[in-house]
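Please find the structures below.
The following pair of complexes shares a single chain, subunit A, combined with subunit B in the former and subunit C in the latter.
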Partner chain A sequence: MDVFLQAIALMFQWQNLAALMGGALYGIIIGILPGLGPAAGMALAIPLVSSWSPVTALVFVGSLYKCCNYGGSITAILVNTPGDASNAATILDGYPMCEKGKGGVALSISATAALVGGILGTLCLIYTAPLLAEFALKFGPAEYFLTAILALSVIAAVVQGATLKGLISAGLGLILATVGYDVITGHLRYTFGILILEDGIPVIQAVVGLFAVTQALVLAESMESISRIGKLEGSSWEGVWTYFKYPYAVIRSAVIGLFIGVLPGVGQSGAGLVAWAEAKRESKHPGTFGTGDPEGVISSETSTNACMPGDLVLTIALGIPGSVAAAVFLGIMIIFGVIPGPMVFAEKTNEIYTLFVALILSSLVLFLVGMTLARYLAAVTLIRNEIIVPIILIVGLIGSYAIRNMMEDVMISLVFGILGYVMLKGGFTTVPLLLGLVLGEMVELNYHRALLMSAGSYSIFYSSTVCKILILLTIVSLAGPYLGSLGRRMKGRGKLIGKA
Partner chain B sequence: MLEKLKRTEVWFKLVLLAFFGFWYARAFSFPQQSRQFPHLIAVPSLILTLISLITDFTKEKEVQGEIAGTDDSELTTLDESARKERRKRFWQAWAIILVSMAVGFLGGFLFSAFFLLLGFALLFGNRNNLIKNMILTVGITMATYVTFQWFMDVPLLRGVLW
Partner chain C sequence: MRAKLNVLMAVFFLAMTFTWGAHAIWAAGYPDKAITIIVPFAPGAGTDLDARGIVPYLEKYLGVPVKIENIKGAEGKLGITRLWRSKPDGYTLMIHTVAETLMGDIVLPNVEYRTADLSHIGTFTRGNSIIVDHTDNWKTFPELAKTGRERALIGGNPGKGSPSHFNAMLLMKKAGVKVNWVPFSGAGEALTALAGKHTEFSIHTAPSILSLVKAGKIRPVVVLSEIKDNVFPDAPLAKEVGYDVEFLPVLRGLDGPPNMPEDVQQVLDKALAQAVKDPGFVAWAQNRMSQVYYLNREEYNKLIKAHLKELQENKDVLDAM
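Coming up: the complex of A and B.
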């Protein structure tokens, strides 16, 4: 308790409070720009914080890391473009809410989720870090491979209501992830002599294309403003009340987010989508998901916000980063002499516990900023199309361009824009494709590692209890929609026979 | 049969079939370990696409699934003139994007931003709002320059010409 009181006192020093606010605002702005996620944001901040004290620097970077997700959810909700892959699930219900004029409500739900999910996640991080880290260590390559396959199956089966198309979309994502150097042999695959493809298809450029460019084309075609009813409905506080109407969804999503956050590699994009899919599966009205159901936004946002502290569990406790952003965070910790590991809690008490307090406070800052700005930000959905379409394109494509300062990256986004548009017209959803692209390398790496460990025997994929549970869950998730419709059909037939 | 082939969904699946097949065949030129994973993914994807395609042709009535976040223009009946108008706007948008990107290659991304705004204002905007749109075009271009070039050091004026 003493260490916490000391950390709180340290946090309330003016320079740390300023770092907290600055990090929060910087994080929101970085999150809003498609392409610049927390990893890029933190990397860009290194020169700025390098001369600061370790505590202040970690407060700034921690706050930035926490707030990036909210920035990304703003664009996901308002213009159907996730700022980062982690916000992919938010668009499923967030954007349809905007079309109904409820953009402000969706944004305040997202702000409340940042507060609740962030605090729940951080508290769990503080109290369960050692336990969770120990459990995650039991996962071998086979378990990671199967976890990723489960995540893809759940998304493919539930996200669209058409399992087959979802699986094809996920397959396309995994296939595209094989472009570039093979992670095991180093052999070049499917680059066709194009230099920029050697490192693989860049995910951010693909995200910009699949969501921003596609959305711009759809808006240009229809010439309607994003809010189809042409006005805003509902107050910011309505979002807060709505959020607390679903306590079960909140707790379930926070647990999913935290658990997935602890597993290296799956990350926030997986957390949001799995929580959304679970909420749909558990719901009494699954048909409303994907059409602007607030529970969809609540689930995905709570999960991604709880995932971020989970992501830091292994990073801080064992020095194993769970994602690219966590790896950058780990690097910054090392720069400031805070060496992660079991001893860090004893050796760097002030730095670590002040970081925890900063994560909780940044959730509060996010909530206040979000609630203040929600109504004004939602007005974006009323802007005329001839203005909003080029703005979406400029902000999206500049995100693509800024990563390597190459116009070729913009071209990649445009190609993915065409793909996204055609998929949309064909009734496919691009979300499983994105998840496949994000998880592809991790899936392949763990597949090969597992086979190396078992000397080529496939029995490794079903020998452990965890593997068996994961396989069972995958089968259930894929068969679930078919069994559900079969049950409904049989029920309907029973009623008809009864009437006859 | 021919009617069904005209649907985006059907021809996209045909393209996917060819794509997965090509991906599978191409993998044979890689070392054994490098082709294992592409084969592992391409085969089930190919089979699933084939099943989906066969279902499209065998099902008499089109089942309209609940499609999250998709534009339902192909699932609802649009009259021919509305369809033509949409198609025209789609191609106009692409023309603006391509011209802007070509200009960007030559002079830098800032020119792309300017031409995107200008193109949409001229081709999509209401004539009554022309002056307002022009002011916005210049204003947003300047804001883009200040935000990204000044504050974030993104080289917006780097093109083939300079």
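Coming up: the complex of A and C.
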């Protein structure tokens, strides 16, 4: 405990507090700008921090890293444009809440999720990092394949009510995920000689198209504002109260987020989507998901916020970066002589524990900033459509362009925008498509890898204990809805018999 | 109103982030405006971090802002193609992993550029491919090779067609070891699989394995290089364990589009020569555990030719990738 007291004392030196605030602000702004995620944000900060002391630099970068996601949530909720792929799921219910005039409430839910998810995730990082790291090492390609299948099984819940259209959407997503250079066989697939497609369909650009561009088209059809009722409803504190009304959803989403964060290469976009779909399945009123159900925002936001500290588990415990952003963070740690690994807690006590304190405090900063700004930011949803539509389009497309400075990325966003519009008018939901796009590569690559390892034997998919557990969970996940209704029917019959 | 303000702020910040560190000093002739350096990898990749180390010192000696543009994708092809198509005026350059780009010409499909025709300025850092295995497995390379002659080993690599992959294949061929190669997307995934004993050995450069080695999870068994690794000086070289093979070093080089004017190349050559000797850069490289390895224009061009010859001689290994 005294290491923490020491770290807190360090934290409250003026330069570290300034770094915390500066990092938070910088992170929020980077997050708001579509296309610039935490990885680019931290890389841009390297020249700035390189002359600072290690503690101050890590506080700044850690705070920046933590706060990026919140910035992206702001634009996701208000104008349907995610700042980064991780905010995709927040759109699903956050934006419809804005349409109902509850933009401020959605933003304060997101701020509360940043606080709770961030702190839960960070506490797990602090106290269970070595354990979680050992757990993550049990996952080889076969286990990754089964994890991705388990994650895909939530599609079954998402498409309930419109199964055929949902499955078509999911299939389209999976097909789109195969586009590009196959890193295992070295072949090009469905690229039609177009160079940019060799890198596959980029998720952020697709999301900007599916949501921002599509929504701009929809908004352009009417002369209203995003908030259909033309005014704002609910206070910021309503968001906080609402948040704590769903403790079960919070815990479940935090666990999903942490789990996905700990596994390298899955990513925050998957975390939000899977948590959202899982919440929909568990819900007693799945029909309201996607129409502005606060529980949807709670799930996706808590999950992505818990995912980020999860991402750091392997990075700090074993020096394995779990994502591009974590790789930049690892690079910065090494430059400052903080070599991750089991020894780092003893060797660089001050740096590491101050970083942990900074992660917790930056969650708190986010909460305060979010609660203060929610009402004012929500006013964006009152702007008339003829003004907000061009702004959404410009911000979204600049974001697409800024990722790699390539005009082709803008084209991808526009194509997906039209696709999204057609799907919307045809009554298709885009969530399964997104899940397919995000998880498709993970399914395919790891299937291929596992078979390379086992020299073609399928036994690798069920021989380990982790595999067996994952298979069992998938079966439960798929059969769950039927078992549930069967149970109710049995109960109902029991009552009838009782009456007779 | 507030929304407009937000957007204004956003645009302003966007502009700011892209001109970070802009302190233009106007000089006669080249260079007289900001230079863009393409890095064909994501931020945080080994090449990217080395590039971010040298760039402030290139700025210092060129007297103009130098900014990095990460254009990752399609195994580096997107960024390299962008350089290939850009004007050879010295304002668009690239920092890359030399052998990887060279091999890309051969192993990647549908490549429009020829790496050998780029304007080669110089190299500044190097890494060495190191074969690592789990500490519960073989202690030395000969033991590993002995098992590998009896049955096929499961070998991970951080990317199909990388120089490390090529180097390991050269050695395994010489040692008569059979390998089922499993390509991963990056060092992170490959290392997780190795540390969790899903693969039996893997091949990496020093900075990415240091933490796991210190944690006692994995062990470097042989360095695929003719010089000792700066981070693991105790790890034996391939020739010390009985295999004298010529490997491709993992060099970070500075290149321009084909046919850059001679005077531009000379200016860049001189600036790079000064930058690599700057104490600030030397200290940075040491912290990052990159080995400073400077080759001037002449030496670098020679090395490219030698690499090409080596790759042609081992066409069979490349084909087997």
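The rule is simple: the second predicted complex is superposed on the first by the 456 of 500 C-alpha atoms of A that agree within 3 Å, B and C clash if a C-alpha of one lies under 4 Å from a C-alpha of the other, contacts with A are read in each partner's own complex, and residues count from 1 in each chain.
Convention: a contact is a pair of C-beta atoms (placed from the backbone, for glycine too) under 8 Å apart; a residue touches a chain by one contact, two chains touch by 3 or more.
Please read all numbers here as calculations on a predicted model, not as lab measurements.
In the superposition on chain A, A:N405 makes contact with both subunit B and subunit C. In the superposition on chain A, no contact is made by A:L123 with either subunit B or subunit C. By the touch criterion stated above, A:A327 is placed in contact with subunit C alone, subunit B being left untouched. In the superposed pair of complexes, A:L167 makes contact with subunit B only, with no contact to subunit C. When the shared chain is aligned, subunit B and subunit C each come close enough to touch A:I391. By the touch criterion defined above, A:P141 lies against subunit C but remains apart from subunit B after alignment on the C-alpha atoms of chain A. Contact with subunit C, but none with subunit B, is seen for A:I46 once the two complexes are overlaid on the shared chain. By the touch criterion defined above, A:I184 lies against subunit B and subunit C together after alignment on the C-alpha atoms of chain A. Looking at the shared chain after the overlay, A:F336 reaches subunit C, while subunit B stays out of its contact range. Once both structures are placed on chain A, subunit A residues 44, 184, 187, 387, 391, 394, 398, 402, 405 are touched by subunit B and, in the other complex, by subunit C. Residues of subunit C that touch subunit A in their complex: 2-4, 6-7, 9-11, 13-14, 17, 20-21, 42-45, 48-49, 52, 55-56, 68-75, 77-78, 81, 107-110, 152, 154, 159-161, 180-186, 188-189, 191-193, 195-199, 207-208, 210-212, 214-215, 217, 284, 287-289, 321.
Contacts from subunit A toward subunit C in the complex involve residues 29-30, 32-33, 36, 39-40, 42-44, 46-48, 50, 136-141, 180-181, 183-184, 186-188, 191, 193, 195-196, 198-199, 264-265, 314, 318-322, 324-331, 334-337, 339-343, 376-377, 379-380, 383, 387-388, 391, 394-395, 398, 402, 404-406, 445, 449, 452-453, 455.
Listed in rising order, the residues of subunit A touching subunit B in the complex are 44, 80, 91-92, 95-96, 159-162, 164-165, 167-168, 171-172, 174-175, 178, 182, 184-185, 187, 189-190, 213, 216-218, 220-223, 287, 289-291, 384-387, 389-391, 393-394, 397-398, 401-402, 405, 407, 410-411, 414, 422-429, 444, 447-448.
For subunit B in complex with subunit A, the residues that touch the partner chain are 7-9, 12-13, 16, 19-20, 23, 26-27, 30-31, 33-34, 36-38, 40-42, 44-45, 48-49, 51-52, 55, 65-71, 73-75, 86, 89-90, 92-94, 97, 101, 104-105, 109, 112-113, 116-117, 119-121, 124-126, 129, 133, 136, 140, 144, 148, 152, 154-155, 158.
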